[in-house]
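Take a look at the structures listed below.
There are two complexes below, and they share chain A, which is joined by chain B in the first and by chain C in the second.
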Partner chain A sequence: MKVSKPKLYEFLAENGFIIIFILWCIFLALFTDSFLHVSNIMVILRQASIIGIVAIGETMIVLMAAGMDISLAAILGVSGVMVASSIAGGFAVLPAALAGIVLGGMIGFLNGALVTRVRINGIVVTLGMMYALEGVAFVATKGQTISSPAMQALAPLSRGYLGPIPVPVLLLFAAYTIAYYVLNYTVFGARVYAIGNNERASWLSGININRHKMLGYLVAGLLAGFGGVMQTARMGSATGGMGSEFLFPILTAAILGGISLNGGKGKIQNVLIAAVFLTTINNGLILLNVPIYAQKIISGVILILALSLDRLRSVRK
Partner chain B sequence: MPVKLQIKKLCKEFPGVTALDDVSFEVEAGEVHGLVGENGAGKSTLIKIISGALASTSGEMILDGKPFRPMSPRESLNAGIAAIYQERSWLPFRSVMFNVMLGNEMSLSAGRMDSRGMRARCAEVLKTLGAEEIPIGSNAEELKAGQKQILEIARALVQNSSLLIMDEATAALNSEEQEALFSVVRSLKARGLTILYISHRLEEIFRLADKVTVLRDGRRIKTMPISETNKDQLIADMVGRSLANAFPRKNPAPGKPIFKVRGLSADKVFNDVSFSLCSGEVLGIAGLAGSGKEELGLCLFGAFPKDAGTITINGKVLPHSPAKAIANGIAYLPEDRKLEGIFLTLPVKRNISLPVLKKLSGAFGRIRRRREDDLAREWTTRLAIKTPSLMQLCENLSGGNQQKVALAKWLASRAKILILSHPTQEIDVKVKFEFYQLIAELSRQGVAIILISSELAELRGLCHKIMVMREGEAVATLDPEKSDAETILRFALGHEKQAATP
Partner chain C sequence: MKRIHLGVLLLLAITLAAGCEKKSAPNTDAVQGPSGANLIADKLGSPEDLIVTPEEIAKAKKTLGKGMVGVLPCTMTTEYHFALGNSAKKALEGYGFKVQLVDPETKPERQISALENFTAAGAKAIVVCVLDPKVLSSALQEAAGQGVYMVQVAGRESVVNGIGISIDDADLGKAAGEYASRLINSEMAGKANVAILDYPDLPNCVIRANNIEKQLRALAPDAKIVGRYLGAWQENGLKSMENALQAHPEINVVVSINDAGAYGAMQALETAKKDPDKTIIVGIDAEKKALELIRQGGMYRGTVHTKPVETGWLAAEAVVKLLAGSPAPKEIKVPVKVITKAELQ
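Right, the complex of A and B next:
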């Protein structure tokens, strides 16, 4: 409060990753042939859709300073397995998809109950949950790929178009529109921010902290379940390990998007941009023919950079 | 006037401490009721019970003629009680509107927020408070201290409360802001609100309150109309005189100066503090909450940043870090023992041996168990620490015994200068007096002691001299034999000034 920081510094701390994003896009546009093609951009958005949608739940939890949900990728995995095995077992597509989403919601609810009622640290709860769910997914699939011709009926969710726009991209923007509305224009959203800003003051003002945190975990679970449906649709099959590739980008999208790990601060729209940025990093590295393990190194460095920005943000005074 | 709130035989026990002991009094509707007492008198506990943040152990409350036992802040708010706490309770990164409307967000259909309605209500309340200049769209962190305080009052008004509790509401305000707040309090009273006003600034009580209740050691001492008392009487009631003769004899002959502080300052916390300390001497530091005395204690130990000044020990300048302080025989007993003083999840013996563990260890850093046990046994015996075994975890000990362990650690490391920050806070009376004996004994053995405390009786009973701090300044150094508790409190409150400190 005492020292007024230069505007540029503040701008960079708030939006630094967007600048890195733009520079990266310019670089790719100059050094690859296909980056700016509409088809490539649609590929990026399509890939960003699942990460982005699940990251909304992560964002809500982090905003309330209720911990960090590490299990969302694993929930996505078991939900996907649930959907695929239901369909393979003869269920219709719609009830199978619903079963996947409900399963996600139930696990989210359990996470929330453990955090708010049993009062275990959120990171620990979801770490344990992640491990257990990964096991469940492998046991349920017996290590096999679950696939059946009937799963073609899910394909529109991944490959369908509504006019010129792919369905998953549409879902992505619809989800963010709703999330933006809820966080900014509803009482629930206002209280999510309030709890993250000052939990005790919120409690003393009569807000039911536990109920809000429960809801956060529940919604995160439902969205992860939905992510499982989308990923199953995309692959046309499910495997026990299908969730694991999402662990990193879901967490990173929320953090990179500027959701303060101390809670109470950050904009949901930036999480969307971050999710797109993350897929653009991968997309670009593939276009540049960078080997897969080098991609991991670069992704890891980006997360640390993002956390450094978070630190810059929270260092005030 | 009808009775707004009746408090009947209220008790609150914490493990090892009785915070409220059979407190009864009445608050009439429409009055400003002052609540005063020294730190630890039970004021905060009482208001937490009234506002539903804590549950009482026994006793009852009657609000507007009906039994009232809030189990959560929500219930208390619904009953028309709003509290403005000492602790920071704004949302730093949210706008003024969200801060004021916290917990009372207005909605249209389906949880949709009524932003326009909220903005209007917020503006209306700010206007009632004469604070139209506060920008509704700004984040709370951008506001001045006084404006943040107004936010909290505004929050209480939004709730249409009929009883407002204000706990040290002026603590962070400058004099102009204080005046503004006083006129707000008066206008609220004119609107028919009942106000329970807690402050350690007695002039505020005399300017605002109709009646005043004095608490001391968790008990209600007096309730009377403000017109029937005066500052001197009130101070005497707050201090009491019960413990006067319970103190051990002081070390009659302190030695040579070993510890000197010159011009020590820390930005906006304390300023230009100088004193010297002899071996075997006990120096008390008195002052109200916010006087900077705790930070000064930390700073002497190198654990609070300093801007200027030097500390010398045996003539050598002491580098500013806790590690260097410890190496030079300085020990610090922190105020919050659970957080900083001991390791709750380590056994008693390791808590005691930790600072000297290196000396107790053999080749390759192997701890010699026998020597560690001997050391721990020696100090648990000398300090009469009650523990079933040396392996007992500290979290299972009572508060007083935890505090003894925290002290034993430093005594085992043969500290020459002890800085004690509120050592007897939240421990029961018996252990308190054991502590007093211990302090006197240590000083006779030549240990120099700095005792930071809010209990004037213990400062007077134990110290050779008392430095009084007020708003970061060392305003006086007094001889406890010649100055009574009231004089000390007067300096601490700023009712008296000393021309030059000896």
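Right, the complex of A and C next:
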């Protein structure tokens, strides 16, 4: 059976980065001994968990064409610092963790208020917020690493297992199951897509645009706060700069996952695959013993390839 | 709108390009400023050469008059730079000098602005950790041209119109590599599987890693270096070692270009249930957490002291020497020291 050129083109365009991801996985399976080991797959998923969870919030904001939240990594950082400082200061682990998540939510809410009420561009607001929060984190830590033996109580959140599966991996899949359900099977989810597709038409049909955008920023802040708790648990400590490592992976997961920057288009499950793909690149390069200096080149080439295929879709349309 | 997004992403890429900067690469094109400090160029000085007398302090104060001293670290967001910047500021204030500190957040362009602002505000001396000598060269020479003395606390060879004080990154790497080799030879009969944590983004970190590797190859030739992995930050060290252990579960020694990356490696090794008595980690920087881990015993066996507080004090003393017009070596080398459990007890 002969596959026509347009059909092949369409297939590639529709599946974009996932094809590159699968090819990369096949390559690693063939040329490394340990890529397909369960322990390695769990390592990959565990490393993808925080990026993936926080990227859900980013996805919601981008889907509503409410800008792009650049402050999520900084919210993660400042929440982590708050959790670590609270525990080191003698607070119990659970209230400290909740305080970190609530702090994230409050900052998200503030972002949302500035975007929807004061009507400042979302990117500008969150860029400013990122700088402010980084400053807060460094003032709070005074440039030191905050750690305390009491923080061991947080460890199960990052290093614990439920049966054979690490807790962060379970949390990752739980978060995506909920997000998938909310975005695909609830009125709220339908409205998120509707606002992104045509904000004016949505408003005319009676959707409260501001309320939905505010909610999007709030949820993104809560998830970033939760990411901060998870990262603090993973590190067993917190530093002022702990969030900065997450900025690009979070944004890249959403973009690579095919979430349209114009809003209204994209599948949440693809963001999960993108988060795992990003982690697999680094993991694979180490398994292949690629010299450290060449790793960036290869990472960049793989990402460009993946994004190029995905962009075929928009070019075709 | 897409263009705006892409523009912001590009901006962020540039913003994030900085990393664990501590000391910059030397610039051999250093130009002596015109204000003619009383410097001894043909001798590499030691910290003892900068000890100041009450007379020198009084003379320096008189020279400073209503002027001020600027302190411009590489960043204030790492323990090393925070300690260095703060100790220099406190020591200068202790001499009764007016001091202003600016955090450039590892961005050379912010250092240029700060140098210009300090000069405009009447600075007579600036303590600076030069992030990139090539980028800052013009700004440093311009400030020097206006009679401002420089005390450079990184890449001392490139100092302009003043005194350069720094630890050699090569010395740091060498000390870590030597100590790790000694442990491998004495406790593992010379056979080990070693991972080196590197940070290729910054030349000074690469110098450390190169010297770690060089020492290991020379002093523990039977040890196998399984690879150089991304470190410098705890998260990097953790991820790299989690991945490396999948390919090389036999790794039992990690030597890191700094402590932060080593913490992450230690977590990964602990998660992999490595026997602490048969596993060795050596870092650089002597951070508080590293010292605590060494004191506790276990796999974290040593760290090389980078002496940030002492370097800050020395920078303040160098400012006094320059303002007082006293003779002082143009370059001061700060010696390094390996901290072990025995040292801490």
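Keep this in mind: the second predicted complex is superposed on the first by the 283 of 317 C-alpha atoms of A that agree within 3 Å, B and C clash if a C-alpha of one lies under 4 Å from a C-alpha of the other, contacts with A are read in each partner's own complex, and residues count from 1 in each chain.
Definition applied: a residue touches a chain if its C-beta (ideal position, glycine included) is under 8 Å from a C-beta of that chain, and two chains touch if they have at least 3 such contacts.
Quick caveat, the model's predicted, so the values are computed rather than measured.
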Under the superposition described at the top, does placing chain B and chain C together on chain A give a clash or a fit? fit
Report for A:T177: first if it touches chain B alone, second if chain C alone, otherwise both or neither. neither
If we overlay the two complexes on their shared chain A, which of chain B and chain C does A:Q295 touch? Say first, second, both or neither. second
Answer with first, second, both or neither: which of chain B and chain C does A:N282 touch in the superposed model? second
Broader residue contact with chain A after superposition on the shared chain, chain B or chain C: C
Taking the CA centre of chain A as vertex, the centres of chain B and chain C subtend an angle, in steps of 10 degrees, of 120
Looking at the overlay, does A:T32 come into contact with chain B only (first), chain C only (second), both, or neither? second
Looking at A:S308 after the superposition, I want to know if it touches chain B, chain C, both of them or none. Which is it: first, second, both, neither? neither
By the touch definition at the top of the document, which applies to A:S237: first (chain B), second (chain C), both, or neither? second
In the overlay, answer first, second, both or neither for which of chain B and chain C A:Q152 touches. neither
With both complexes overlaid on chain A, does A:E245 touch chain B (first), chain C (second), both or neither? second
Shortest C-alpha to C-alpha distance from chain B to chain C once the two structures are superposed, in angstrom? 15
Contacts on chain A seen with chain B and repeated with chain C across the two complexes: none
Residues of chain A that touch chain C when the two form their complex: 32-35, 37, 39-40, 43, 46-47, 68, 70, 123, 127, 138, 142-145, 147, 159, 231, 234-237, 239-242, 244-245, 247-248, 251, 261-262, 282-283, 286-287, 289, 291-293, 295-296
With touch defined as at the start, can you tell me which chain C residues reach chain A in the complex? 1-2, 4-5, 8-9, 12-13, 16, 76-79, 81-83, 198, 200, 227-230, 233-236, 238-240, 242-244, 246-247, 260, 263-264, 267, 271, 287-289
In their shared complex, chain B is touched by residues of chain A numbered 1, 185-191, 193-194, 197-198, 200-208, 264-265, 316
For the complex, give me every residue of chain B touching chain A. 51, 53, 72-74, 77-78, 83, 85, 87-94, 98, 101-107, 111-113, 115, 141, 155
